[in-house]
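What follows is a set of structures to go through.
In the two complexes that follow, chain A is the common piece, with chain B as its partner first and chain C second.
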Partner chain A sequence: MIRLSGVSHFIGGAQILHDISLDLPKGGITALIGPNGAGKSTLLSLIARLTPLKQGEITVDTLKIGGCSDRDLARVLAIMAQSTHVSARLRVRELVGFGRYPWHRGRPGPADHALIEAALERFGLLPIADRFLDEISGGQRQRAFVAMAFAQDTDYLLLDEPLNNLDIAGARGLMRLLRDMADRDDKTILIVLHDINYAAAFADRIVALKNGRIAATGAPDQVISDTLLRDVFDTDAKISRIDGRPFVMV
Partner chain B sequence: MPVSLSGFLTDPDSQQVLIVSRLPRTLAALLAGAALAVTGQIMQILARNRFVEPMTAGAGQSAALGILIASVVFPASAIWAKMGVSALTTLIGSAGLLLLIRPLPPTQPLLVPLVALVYGGVIGAVVTFFAYQGDMMQFLGSWLTGELSGVLQGRYELLWGAAAAAGVTWLIADRITVLSLGENAARGLGLNVALVSGLGLAAISVTTAMVVVTLGAIPFVGLVIPNIIARRMGDNLRRALPVAALSGAGLVLVGDMLGRTLRAPFEIPVASLVGIAGAVVFLALLYSEPRRG
Partner chain C sequence: MAKRLILLSALLLVACAIYIGLGAEGAWRFLLPYRATKLASMLLVGIGLSVATVLFQTITANRILTPSVMGFDALYVMVLTVLVHVLGGVGYASLPAALLFAMNVAGMTVLGMLLFGLLQKGARGDIMRLVLTGLILGILLRSVTEFLQRMIDPAEFQMVQSVSFARFTQVEPSLLALSALVTLPALALAWGMRNRLDVLGLGDATATGLGENPKSGQAQALVLICILVAASTALVGPMSGGGGSFFGLIVTALAHVITPSERHRILLPSAALTGCIILVGGQTVMERLLDLTTPLTVVIELIGGILFLVLLVKRKRA
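Right after this comes the complex of A and B.
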């Protein structure tokens, strides 16, 4: 379980997060939604200790953020940040291979190689495994980064807008893979999604954030409503239901 | 003095020339070239930019500043003590550059080499100013323009240290490569970013200082070799560093041989030859690099 209590965050003088308390149970997909600038990325990077936690407390299972080593956390939680920029020229297989780093510390063994191949296969990257990252499409690159997080083989996966750059087939394909990882591999996935319809279709829980505060949490059915769109997203788009599932009419 | 194979086998004088001068000079070229190419590649990972290398990006100038300070303040100190001061100023100089380029956007890759060149130029100007004030101008050329004509047995052995410092980085090659994913992603993988960056910087500084103290600055080896290797085989340092070392060694050796023969009996400093060739290759690389936003 990821547990946040009383988490606030300031950048400069501005308060970005206001006293957030939240329990994310183990298992399933939680979608973090909210308008641009709501604080979603900030929240994710606090949980993943990439931004130092100044106020409040976060625990991931038994690990306390700020009180555990980077390495211990790297074996429990993987994060894929919103913007990924690799300065070096790496092959897809090498990138995915770095996901194993927390386990082998630079000396990959046969088990690591097997897991890397499995990750490549699962994310459909085998045909392009030997290509350089600057020789593949943005969508393929995005998938390679998710595969790297998967190869890290952690119970918790934090993904910040992984559907960026993906076309509809890529986005659906990736969400299905994540769904599969949650269902078959018991991963706990916290994912920032831009598109509420994807959240409704694939997530078990939704956490809506606005101006650094939690505006709503619950199952997609309960959370996604005309009121949510108006209060959180400031839009008067309507919700309809298709096959019993909420759907935002854009 | 010409040394032939038969002469070497029979003539003690030839043997002497070989052992005291020719062999050290060859070794010096190989060691310096290998070390420079390796540290160039590491610098590029630390700076997260293809177009910087220590010699032109402030480290070389800082190394010269260190020797200058040591020579003026402790003129009687041993060469390794001067080297120590030089390594320290190099460390400060290269760390300063990394701090300076940190806020630059990765989408504008050409800003980094620009800033680095200006930074190196400013430190170089400071060095010249103090050399002038301290009446050390005659030494300045020997630090800023690397050449191997003075290499003799007993006067190049620091370069073994430079090569060793570069060699140590191979042991942490994977960790340094992980850094290229960016600081956050590297920490997410549990990498001790500060430690690995620190070790990389230390290796760069020790290597640069040793080369500058022993031979003088040799530019572009650390730029051209890593760039060509990255194109051909990528930046996975565990595989790339040995190739970089070999190529750098070859480049400096060939540069020195050409410099000795082109205008014999006069010598063209290896730094000038490599510098001219490197500048041309560098421009070609700049223009052929695919821009990504």
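Right after this comes the complex of A and C.
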């Protein structure tokens, strides 16, 4: 369980997050949605300890952010940051291999190699395993990063807008892989999505953020409504339902 | 990759043998210790500066920077100028070499740490700010130096000039030992960081996710860089006359071509070997074949400058 209590955050005097308390139970996919600038990335990077936590408390299972070692946390929580630019020239297999680093600290054993191959296979990366990251498509690159997080073998996975720059096939493919990780491997996934339709289709829970405050939480078919679009997203788009699942009419 | 490292080692061995053996006339008894000291100092500087440059490029995620942008060389020349200015040429020449060495190493390490203090300050402190600050500081130090140099007499100015370029001609065995005492532990620590450096090279966010704190890794690497550069510069003088040393740039560019790997367990030895081959081979050619007294660094600056432009242009296109 990821538990946030009383989390506030300031950047240069401006308050970005206001006293956020939230419990994310273990298992399933939680989508963090909200308009641009709502504080989604800030919240995610606080949980991921990419930004130092100044006010409030965040725990992941028994580990306290800011209080536990980076190493211990890396065996429980994997992250995929919003920008995954890597300046080093790496092959796909090497990148995925880094996922094992928190476990072997630079000395991979046979078990690590087996897990890396398994991750490559599962994410359909075997045919391009020996290609460099700058020689593959954006979708393949995103998949390689998710495969790395998978190889990290953590219970929790945080992703910030992984669908950016992906076409519909790439985006659906990635979301299906994540869904599969949640269903088959009991991963707990927290993902920032800006497309509400993807959140409705793939998430078990939605947390909507606006101006640094939680505006709504709950199952997609309860949270996503005309009211939400009006109050949180400031748009008068309508929701229609197909087989009970909400769709935003864009 | 392992094969290429062995090949580089063999090449270096040959270069060393030629350097020691070529044109040996007169008593070996005198020649051997003399040449061996020079050779050892070249190896120490070659390894030290190459490793420092690899570390620096990894923590700055930039392939066209070298530690000299932080103003180390400028500081060295300024200290030198101030000393000559205050003590006079004779007074400077009579300073104990070990004292000078200690002052230089201490001065440069303090400079590096001060710059590093800036890095730690403020939540958004980033490595690029550190580099830029160092760059500006270097310009400042250089203008102070130039100002002082205008005020000292021409003979003394000549003296400052002659030691403002790295030379391997007058290396004191005692200094060499001192320098080794500082350099070798730093090299061992750098080697110990090789796997962490691989992870740091993935960028701050990814490294953090893998449990490697970028700030602490960068801090440790920076301390090692300061020590390595300071120890080499204090031993033989600055590797650059002006803007920034191109030696490290040539070495890392070549190492990336010879052993195309991002792994530091390959890159560190590969760069160290390449650096030594360039220094020993270059010095042999300059000293024995061409019989030139021009410091090798001047040639390295020239070649490095051209390479720098090529790299810049290539980056623009890529």
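As a working rule, the second predicted complex is superposed on the first by the 250 of 250 C-alpha atoms of A that agree within 3 Å, B and C clash if a C-alpha of one lies under 4 Å from a C-alpha of the other, contacts with A are read in each partner's own complex, and residues count from 1 in each chain.
The working rule: contacts are C-beta pairs under 8 Å (C-beta built on N, C-alpha and C of every residue); 3 or more make two chains touch, one makes a residue touch a chain.
Here the structure is a predicted model, which means the values were calculated and not measured.
*Asks:* With both structures lined up on chain A, is it a clash or a fit for chain B and chain C?
*Replies:* clash
*Asks:* Check whether A:87 is in contact with chain B, with chain C, with both or with neither, and answer first, second, both or neither.
*Replies:* Both partners.
*Asks:* In the overlay, answer first, second, both or neither for which of chain B and chain C A:16 touches.
*Replies:* It touches nothing on chain B or chain C.
*Asks:* Does chain B (first) or chain C (second) touch A:132, or do both, or does neither?
*Replies:* Touch status of A:132: first partner only.
*Asks:* When the two structures are overlaid on chain A, which partner does A:73 contact: first (chain B), second (chain C), both, or neither?
*Replies:* both
*Asks:* Of the two partner chains, chain B (first) and chain C (second), which one does A:159 touch, if any: first, second, both, or neither?
*Replies:* So A:159 meets neither chain B nor chain C here.
*Asks:* Touch check for A:98: first (chain B), second (chain C), both, or neither?
*Replies:* both
*Asks:* One more residue to check, A:52. First (chain B), second (chain C), both or neither?
*Replies:* In the superposition, A:52 touches chain C alone.
*Asks:* Does any part of chain A touch chain B in one structure and chain C in the other, and if so which residues?
*Replies:* 48-50, 69-75, 78-79, 81, 84-90, 94, 98-99, 101-102, 106, 152
*Asks:* For the complex, give me every residue of chain A touching chain C.
*Replies:* The contact residues of chain A facing chain C are 48-50, 52, 69-75, 77-81, 83-90, 94, 98-99, 101-102, 105-107, 149, 152.
*Asks:* Which residues, counting only chain C, touch chain A once they are in their complex?
*Replies:* My answer: residues 61-62, 123, 194-196, 198-199, 201-206, 208-213, 260, 262.
*Asks:* How about chain A: which of its residues touch chain B in the complex?
*Replies:* Chain A reaches chain B through residues 45, 48-50, 69-75, 78-79, 81, 84-91, 94-95, 98-99, 101-102, 106, 132, 134, 152.
*Asks:* Mind pulling up the chain B residues that touch chain A in the complex?
*Replies:* Touching chain A from chain B are residues 44-45, 48-50, 106, 172-175, 177-178, 180-182, 184-185, 187-192, 230-231, 234-236, 290, 292.
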